[in-house]
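The structures come next, written out as structure tokens.
Same chain, two partners: subunit A is paired with subunit B first, then with subunit C.
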Partner chain A sequence: MPAMPPTLTIARKEIQEGLLSARFVLLLVLALALIPASLYTNYRAYEVRKSDQVEMQRRSMDQLKGLSATQLFTNPDLKVDVYLPPVPSSAFATGFEEAHPRHVLVGRHGVEYGAPLEVSPSLGLFGGIDYLFVVQLLFSLFAVLLSFDAITREKEAGTLRSILANPVGRASLAAGKFLGGFTMVALPLVVAFLAGLLALAVAGLDLSAGGFLARSAWILVSSLLYVAVFFLLGLLVSTLTRATYAALVVSLAVWLVAVLVLPRSALLIARMARPVESRQAVLLEKTAALADIERAKGEALQAVYDQDPDTWQDARDGVVAPFDRRADEAAHQLDQQHRTRVDAQRSLALAVARLSPTGSLVSFVTEMAGTGLSAERRFLTDAEGYQDTLHRELFAKVFMDTLPGGTIRMGADPSLDIQSIPEFRNHPPGPLQSLRIADLAMLTAWGLVLALGAFVALSRYDVR
Partner chain B sequence: MIEARDLTKRYEDGVLALDHLNLKVEDGEIFCLLGANGAGKTTTINLFFDFIQPTGGRAVIDGIDVTADPIEAKKHASYVSENVMLYGNFTARQNLDFFTRLAGRSDVTKDQYSMVLRRVGLQERAFDQRVKSFSKGMRQKLGIAIAILKAAPNVLLDEPTSGLDPKAAADFMELLLELRGEGKAILMSTHDIFRAKAHADRVGIMKEGRLVMVRTREELTGEDLERLYLEYMQVETAAA
Partner chain C sequence: MLTLALKEIRDSLLTLRFLAGTALAVLLVAVSVWALADDYGRRVAGHSRTLALNEAHMAEYGHLNRTGSAQVVGVAPRPMTVWVRGLSQGTHLEQLDNDPLPVLFPLVDVVAIVTVVFSLLALVFTFDLVSGERRAGTLRLLSSFGLSRPALIGGKLLGAAGTIAVPYVGAWLTAALVAELASPAPWTATEWGAAAAIGAGGLLFVLDFAALGLAVSTLTYRPRSSAFAVLAAWVALVLVVPNLAPFVAAEIRPLPSLTTLQRQISRMLDTERDALQARLRDEAFERLRAEDPAVARYLRLDPSERAEAAAPDSAGDPSLARAAQKLSDASTEAMREGNRIQGEKADALRADFDRRADAQVHLAQGLSLASPAPAFTYLATDLAETGLRYRAHLEAQQEEFSVGFARWSHATADRLRRNDPQADVWNTPTDLSDMPRFTYRSEPLAGRLAAAAPWIAALAVYGLLFIAVAVAGFARYDVR
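== the complex of A and B ==
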């Protein structure tokens, strides 16, 4: 029988030791309690949101289609509510679902954000638990707790010398420590993940529909990569310190900064470096600009009216067209400027957050779960597309001109058919479109750097 | 064969722990290194297992330079420390299995493990007991069992009988004699002058990193090794 490579022998020993450890048992119990339960309850919450969204969207369209011609003319600020359909994969990560508006108002001059989703007070104060939270905090912490003393423990027990007195290279030792130790963190994660999928199936989700399994697989891959990074972090600290106590203190300090401080300070830094005015301020600015244009339009119409009150309507379209165009452009420009500044701030925040593996994981999982930044952006893009449709089919076909003297003139294109206005369609990205290779690459890079660091440090480690 | 050629070690703090050590332990020979604490005995053994790097000279095992090819060199040598360090949560058999596999052997059967454990004098009921309940003597026996199963032609021991009761120490030395009988080269650092004289083929005395005396068993016949040891210590101290 060929001899088992020392890496595998050490990995096997690590697993044997790990299975007996309280840390492993505790992690397994917590993972099995939290992951399936959070997936189940979050999926139930998704179902409620989904039915709410369907109902609200239906009501919004019914309201629109129930408007009489007079109501259409007399309501120049008519806005149509459109709702972002929730996705079942949001069970993995709530993401921005509770931070960003779930619906927008599509009006004559662009798209406005609606009120955010109602958040229960306890959830708002303390935060909820989802799969992402469990991996992000619990698994990263346990990965560090399972590896911070991987080398120092062996040194203090004297077994490091017993191992290295054999034909075992230090690279093999590091690899064996990683393989065996990582298995002890990955095993509870995979088991709890599979139990979670089972819980979702029990809750009524068709796992094979809509690329859900592909999304789940990618989320699991990124989670394992993330956990590996933190395991390697602990291993590196273990090779750089001489005593278990020191290794624990250093590991926890680094974990705290990487998981809690750096990602949370990203937005703070971005807000200081690239400040952005509030949406409300933009709305006020837009309203003022549009009012100016509307006033000028009224004056121009009044001039035409004064010239010949009998035929002024023939010239009306030619007069108002440049003002309408200017109004659209002004609204679009203000929206666009705001969007560009928001995007720049978000990009900076994301770049800073990605300095930590946690930033990359959160970005990757929320994107894959359909609750990330791009889901909101895609929703807004779709809403803007719908605004074009509404403009073409509705807003451009009705008018209400207010002349300076207070006279109001209303009209509608004969081709206006409010019943044939199409419904809003959201086009969420597929699993491959949601794939953020940059985040996976960052996690991989972190893993490689930490593994290299651990190997170099171990090769210089004083085993006396 | 175990060989030190001008082997020198100066630590980062400037302490010269080993100063041009030259010694050779032939196959089928027990060489005992005596010396006070800090004389360089453990440093010598550390260098043969690549635990530390020499600052000069070479540590050679069966013709293989330890620094140049530590993995290959360590295939040829077994190590038994003052306190054999094992995994407390593993049983004797599990520890034996782990270290035997690390040594590159996966052909050892459960019966062979039992046989070796019996040979080193471990009681049958201890085979499947967790090692954390073992006495020091039992752990040393397990350590020698690991060395036996590694089947390396050279054995280096760092004060292996220190702290053992006389019976356990005597049993341990009996096992070493068996290994010598099998043709193994044995280098043992010890404070036990009595057993060194009784069992070693050659005895060396180290002081401040240097090998200041080497005597064969024949040369020591009729000599009082303890007196000789103390004399060397005093001479060296006086010279210093």
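== the complex of A and C ==
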């Protein structure tokens, strides 16, 4: 039998030792308890949200189509509720689903955020558990815990010298330690992940539909990369320190900063560097600007109505058009300004958060699960598209003019057919469109840099 | 015992973990409070700008019908969110502004730093106090000095408490100093009182973890296994239990979704109500028909003749007109009665939903007390008025306000109508400067402290429990 390469021998030894260790057993138990259960529960919560969404959307359309002609005129501020359908992959990462409005109001002058939908009353203070939470916090911590003493332990036990006395290069030692140790973290993750998919199938999800498996696979790949990064981080710390204690303190401190501090400070930093006014302030500003235009329009129309009471209908359109255009432009400009600022703030926050591998993981997984930032943006874009439709089919066809004296004139285009107004459609991205290569690249880069660091540090390590 | 405690403190003051931990904690606290103070200032500015815009808008275009938007301009940001963000992080109590980022990356506040960093620090200081001495061989020496084992463990605990208290007090003072310097609105005496109580509660929480570390250290023999056991305990207590509790509570006491509730209520107030009203009206008509022959005669008339007969000044039979009036009154009464019955049913359904939601929250709170970490969060958010108790108070005050607001609206409408009976008072521009404005009335410190008492008790119980385990564990410890 040919001799096994030393890397594999060491890896096998690590696995054999690891399989019996308390850390491995605990991680496996935790993962098997939390991942399938959270996927199952979150999937069921998705189903409830889905049926609620269908019902609310239908109710909103019924309300619109049940409006009489008079109601259409006398409601110049008429707004149509539009809801973002939830996606089954939200079971992996609830993202902003719980707290963020999946509901907007489409009106004459743009799209407004609706009030947030219900938040489960007991989730307020702590938030729930999802797959992302388990990988982000627990697996990263265990990865560090499994590797922080990989080298120092052998040194303290005196076995490091005897290993290196054999024909084993330091590179093989590092590679073997990584392969063996990483398997011990990856194994519980993969096993629990598969058990989770099974739980989803039991809950009634058709796994083969809508690219769900592709999304799951990408999520698993990014999770494994992420766990590898933290394993390598522990390994690097282990090669840079002489004693197990010091290795523990340093790796915990680094873990704390990378996982809990850096990503969570990102938004604070971004808010300080690029402040944005509240959406409500923008809304009020918009209302004030539109009211000014409306008043000027009333004054202009007064003259038209005064001139010739019989033919005002024809003259009206010519007078009104520039005002309506101005109103649309003003509303659009204010919205656009606000959005540009929000985007600038967000991209800074994301850039800072991505300085940590955790930021990249959160971004990648929430995007892939369809609950990330771009899902919200896409929903808004779709809602704006729908606003154009409504504008063409509805808002432009009814009018109510308020003249300076308080007189009201209203009318409707005869071609208005409220029953034929199309329903809102949203366009969820496919798995490939949700793929954030940049995040994967960041995770890979972290892994390579840490591996290189560990290798260099080990080659200079004093094994005595 | 004191000598031992002093030795422990002197020993640890120069260690890497102490220096690194203290530096990290103080730096984190300073940055977090500074950033949150800045954020708070921005929110205050945004809030007053929103108020000003709203006032200007109402001054220029104020109709009674438009005051709805004036009622929801939002609540002033809570001053203590500089320390304790509390509920404002997820549910949007302050404004209808929704930013998904804090949900993806929750912000770090003093509570999070104490809960996550200081608990970890306390464990790192204590996990090898006994097992480490055993490994170094000094434990045998120590136990030959004639100290009783409980005294020995007491000395260790005091020493650990002293050691962790140094960075903790340092961090607390830093947080107070930065809050004073950076917060745009100086805190009142009540807020400082609450801050002191939060500090004391946090110290109790951190000491719980010091006792836990010591207890684990007396149950294990090698520092490596101690380290692993305390970290496993930390993961469970700090990361898993708080987030798992609401999940489990929702499984045990499930709630129908709000949409389901709304669907049931709208059915009650719509089709069911119409059916009930029709039934009540038919019953009343039937009764009247049996009682009064004029009614029976009237009902036999062809519907086209009824209007003629019912007119009070009609030339026909006056008893028919009276019968028509009776029927019309009975019909109105049936409408009213149907509205009342269904309205009460809907109210009962809503009240039942609220009761069940409260029960779920209570269960989640109870379950989360399987760890001291949520107790500290509840304590801090109740004291800072940013948590569940604040939300309940806010909702009650808002409801009270909207009742008062409706009263004011109707009084104003009546006044306008008296001045000009023809006017459409709800849609006419009106001076609304005397409209009520909502301000939240803060709870006095005594009430907040009373609310925090159970959480302090929970933290104390955990401390005593861990100390008991440490004493018992050390009593049977093999010092060799």
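Odds and ends about this structure:
In this section, the second predicted complex is superposed on the first by the 463 of 464 C-alpha atoms of A that agree within 3 Å, B and C clash if a C-alpha of one lies under 4 Å from a C-alpha of the other, contacts with A are read in each partner's own complex, and residues count from 1 in each chain.
The working rule: contacts are C-beta pairs under 8 Å (C-beta built on N, C-alpha and C of every residue); 3 or more make two chains touch, one makes a residue touch a chain.
From a predicted model like this one, the values you see are computed outputs, not experimental measurements.
Applying the stated contact rule after C-alpha superposition, one finds that A:165 touches subunit B and leaves subunit C untouched. In the superposed model, A:462 lies in contact with subunit B only, and not with subunit C. Taking subunit A as the reference, the larger set of touched residues comes from C, when subunit B and subunit C are compared. Of the two partner chains placed by superposition, A:433 touches none, neither subunit B nor subunit C. Applying the stated contact rule after C-alpha superposition, one finds that A:9 touches subunit B and leaves subunit C untouched.
By the touch criterion stated above, A:20 is placed in contact with subunit B alone, subunit C being left untouched.
Once chain A of one complex is fitted onto chain A of the other, the partner contacts of A:288 are limited to subunit C, with no touch recorded for subunit B. By the document's definition of touching, neither partner reaches A:307: not subunit B, not subunit C. By the touch criterion stated above, A:75 is placed in contact with neither subunit B nor subunit C. In the superposition on the C-alpha atoms of chain A, no part of subunit A is touched by subunit B in one complex and by subunit C in the other.
Listing the residues of subunit A that touch subunit B in their complex gives 1-4, 6, 9-10, 13, 16-17, 20, 157-159, 161-169, 462-464. Remark: subunit C residues 16-17, 20-21, 24, 28, 31-32, 35-36, 38-39, 42-43, 46-47, 49-50, 53-54, 56-57, 60-61, 73-74, 86-87, 90-92, 95-108, 112, 116-117, 120, 124, 128, 223-225, 227-228, 231-232, 235, 239-240, 242-247, 249-251, 255, 257-260, 263, 357-358, 360-361, 363-365, 368, 374, 377-378, 381, 387-388, 391, 428 touch subunit A in the complex. Chain contact summary for the complex, subunit A toward subunit C: residues 22-23, 26, 30, 34, 38, 41, 48-49, 52, 55-56, 95-96, 98-101, 113, 115-129, 133, 137-138, 141, 145, 149, 153, 244-246, 248-250, 252-253, 256-257, 260-261, 263-272, 275, 277-281, 284-285, 287-288, 291, 342, 346, 349, 353, 359, 362-363, 366, 372-373, 376, 406.
Interface residues of subunit B facing subunit A in the complex, by the touch rule stated above, are 46, 49-52, 70-72, 74-75, 77-79, 81, 83-90, 94, 98-99, 101-107, 150.
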